[in-house]
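The next part holds the structures, each set out as structure tokens.
The two complexes that follow have chain A in common; it is paired with chain B in the first and with chain C in the second.
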Partner chain A sequence: MGEFWGVLERYFPEFVSGFFVTLRLVGISFAIAMSVGVVIAAFRVTPAKWVQRIGGTYVEIFRNIPLLVLLFILFYGLPSEVQFSRVTAGALGLGLYTAAYVGEAVRSGVFAVGQGQIDASLSLGFSYRDTLRRVVLPQAVRTVIPPLGSLFIAMTKNSAVIGGALQVQDLMMKARGISADTFQTNEAFFWAAVGYLLITVSLTFVVRNLETRLAIRR
Partner chain B sequence: MAGATTNGHLVELESVTKRFGDNVVLDGVDLTIDRGQAVVVAGPSGSGKSTMLRCINGLETIDEGDVRFDGTSVASAGKGIYALRAEMGMVFQQFNLFPHKTVLQNITLGPMQVKGLSEEDAKARATKLLERVGIPEKAKSFPADLSGGQQQRVAIARALAMEPKLMLFDEPTSALDPEMIREVLDVMRDLAREGMTMIVVTHEMGFAREVCDRIVFIDDGKIVEDAPPNEFFTQTKSDRAKEFVDKIIHH
Partner chain C sequence: MNAKFLLNAFLVNIEIAAIAMVLSLIFGLLLALGRVSKSRVVSIPSGAWVDVWRNLPLLFILLYLSLSLPETWNARYENLVPAFMPEAFQSGRVLAGVMGLTLYNSAVIAEVMRAGIQSLERGQGEAAAALGLPYWKSMRLVILPQGLRRMVPATVSQLITLMKDTTLVSIIAIQEIMRHGRILSSCFTCDPQPPLLQVFLVVGAMFIVVNLTLSRVSRRLEIRQRERTGTEVQAVTGLEDQVAAKADVT
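So, the complex of A and B:
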């Protein structure tokens, strides 16, 4: 046991800085995944066929290429005029990738909202777009909070790919570095695991809380 | 001034045909409804009653003919359909209140977002309407906490909050327990007495007899009877309507 505490003590600032880089990656990815995902879902349920197709193409592309490949493209593969920083490229990749799944989850939530709700909204004089925005999406998002929670937990874990791929000093990379320095591999990755758990367990709590607070009584 | 038709017709259906695939649901329907009239629409299940209402406010598109509301074609309104719908209230069998909003928010949403009313004005209007439908104390409740009859009265208030020229009711009491039917019909009767133009799909023939100016009977997508209640019940012309009246009277 002493070894575990010893490593944590000696490398505490390193762990903390890695933790916050991971937190930043996850935070930015979350914002991107959520906003792009909702837009994609909106595209996919719009009556206009060609708009639907844009949404469908997005989902197909981003669900079907490995995250690692996407990260490489975003950092190494783009023309030099659009060079992102490592962290930006990493968060963008993870966010766009997760957005495809968010889009599908929200879309299924949209279909769970009954036609009667749409009829009621349209009959008040709302356009299709406002109906989506004010009536359908708020209800859809509530029903998809649990699946979204799982998605963002998966996303947090996926973020561990970014460090190695793009040389970002996140929790995972820090743990690797410490393990190479000390040969205390178990100890280093144990504390990395604790860091990831801290984020995912908090996420679980937030999801539960949102679920009870926003639950629609039927 | 499209609205300034000299005749009193608020709603005009002119040989309206509506198909779902090969299924002809409305088959050359002609119908005119004057301002201030309350018209009951009856007919067997699947005869096209709901579809006819939905064609009037453009929730369904039509295949042939024309639907005019206040002198404006609904069928060719394009984006103007939203403004037209804002002038027609609709009440559904399943209430269709917004479950994520309170009763008050259900009623203020349309006036604020569609008509641009201030929150204060919209709330004042909603409060008055809740009093009118007899449940002012439910303003802060959620729909799920209301009885069916209360939900339907909120749905009526929500539609009225847009100050519509026409109210469409699609079997507003069919999903209600018997003891709650009265409270909803009473609200509708008062509305009719105040001069609201309304089209009511219902099997409540007591209501029809007491409140409405005309009964329109639809069978298989065609209007087979269109008469004042007295005449409808005593001098029924078509066989299907006769059958229907007999059933009701011997019920």
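So, the complex of A and C:
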């Protein structure tokens, strides 16, 4: 039992730095996934058929390709003129990958708003853009928060793939390094697991809190 | 020649996925049944088990198992594995790979199935009980057929995720498609040497084909089910625990 805490004590700075690398990956990917995802959702709900098709193709490709393949292409595959750093390539890959799911979640939120409201807004003289911005999106945001929340929890878990594929020193790779140093695999991975659970569980609480705060009282 | 090299490796992915899918569905159902059990001695531990494995990164689980499974297990597996299995399966590391995939996915699928079971109206269970069906019989004949049918789309989308996630076992050194892709693109004796970008675009295309087929099949299945039984399926838009999250809320 002494060893259990001993590993944490001796390697505390390592664990903390890995934890923050994971947080940074998650943060950047979150920003990319949100912005690209909303654009994709907008593509998929516009009236123009060919724009819809672009959005649909994006979703089908990125949802069916393994994240690992995407990361390899972005980091090892691109011509040397557009060489990304490991963290950038990783976060970009994870962000673009998650964006497809975000797009789908936001789209279903938009559809949940109901054609009647869109028709009403258009007939009141709102332009298409204003309808989307002032009528559809504020309501859609509320319905998409729970699915988005679980998406970002999934994304946090997927961030470990960046560490494994591109040798970024995130929480998982730190655990691997520590277990190689000390042969205390159980202890090292236990404390890293605590780190991951810390992120995923607190995300769950944030989402639940947001949900109750944004809920419309009808 | 190169295409065959990749396809052979892709077959390993498909086989790993198939084994893990079957195991995850079986254990997922058991865990779901445990979680909805009336006895707290069963429901609390199975709930905790599901929550832990579901909230850890899959790659993290795989890496941990590959580093920590006792040598004797690997040796026993290597003795047991039949010789007709592909070369990649002869290594003991496959044990960790399949175990990790199963641990994680059975937990996620358990949540999906539980959501399906609990989405049924209470009346169904009550009616079955009123008709004198014992617990297991009402589960088997009334609750599960309806509850699981609603969750077909969600389950299939998780199985597609599983298929994609088989690439992660390359990180614990199982010779599957990602490894073969790397070997191919760093092969200096090949003439011409295939560029990495193209190799992995081909790999990506292979996954897209298999996964799109999977989702087409599931959609056909869904439509036929709806025509025959009038099941209302639960809509899914995303991945992993989305359905489960929805069930938590209600």
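One rule holds in what follows: the second predicted complex is superposed on the first by the 218 of 218 C-alpha atoms of A that agree within 3 Å, B and C clash if a C-alpha of one lies under 4 Å from a C-alpha of the other, contacts with A are read in each partner's own complex, and residues count from 1 in each chain.
Simple rule for what comes next: contacts are C-beta pairs under 8 Å (C-beta built on N, C-alpha and C of every residue); 3 or more make two chains touch, one makes a residue touch a chain.
Nothing here was measured: the structure is a model prediction, and the numbers come from that model.
Enquirer: Should A:A120 be classified as contacting the first partner (chain B), the second (chain C), both, or neither?
Expert: After superposing on A, A:A120 lies in contact with chain B but is clear of chain C.
Enquirer: After lining up the shared chain so the two structures overlap, which partner does A:K157 touch, if you call chain B first and chain C second: first, second, both or neither?
Expert: The second partner, chain C, only.
Enquirer: For A:D130 in the superposed arrangement: first (chain B), second (chain C), both or neither?
Expert: Touch status of A:D130: first partner only.
Enquirer: Mind working out whether A:Q139 is in touch with chain B, chain C, both or neither, as first, second, both or neither?
Expert: First partner only.
Enquirer: Chain A residues in contact: does chain B have more, or chain C?
Expert: C
Enquirer: Go through the superposed model and pick first if A:L197 touches only chain B, second if only chain C, both, or neither.
Expert: Second partner only.
Enquirer: Report, in rising order, the residues of chain A that make contact with chain B in one complex and with chain C in the other.
Expert: Of chain A, no residue contacts chain B in one complex and chain C in the other.
Enquirer: Residue numbers of chain A touching chain C in their complex, please.
Expert: Interface residues on the chain A side: 60-61, 63-70, 72-73, 76-78, 101, 104-105, 107-108, 146-147, 149-151, 153-154, 156-161, 163-165, 172, 175-176, 179, 185-186, 189, 192-193, 196-197, 200-201, 211.
Enquirer: Quick one: in the complex, what on chain C touches chain A?
Expert: Going by the criterion above, the answer is residues 52, 55-60, 63-64, 67-68, 160, 164-168, 170-171, 178, 181-182, 185, 195-197, 200-201, 203-204, 207-208, 211-212, 235, 237-242, 244-246, 249.
Enquirer: Help me check something: in the complex, which residues belonging to chain A touch chain B?
Expert: 114, 116-117, 119-127, 130, 134-135, 138-139, 142, 214, 216-218
Enquirer: If we count contacts the way the header does, which residues on chain B are in touch with chain A in the complex?
Expert: Residue positions touching the partner: 54, 57, 59, 79, 82-83, 85-90, 92, 94, 96-100, 109-110, 113-115, 142, 144-145, 155, 158-159, 162, 168.
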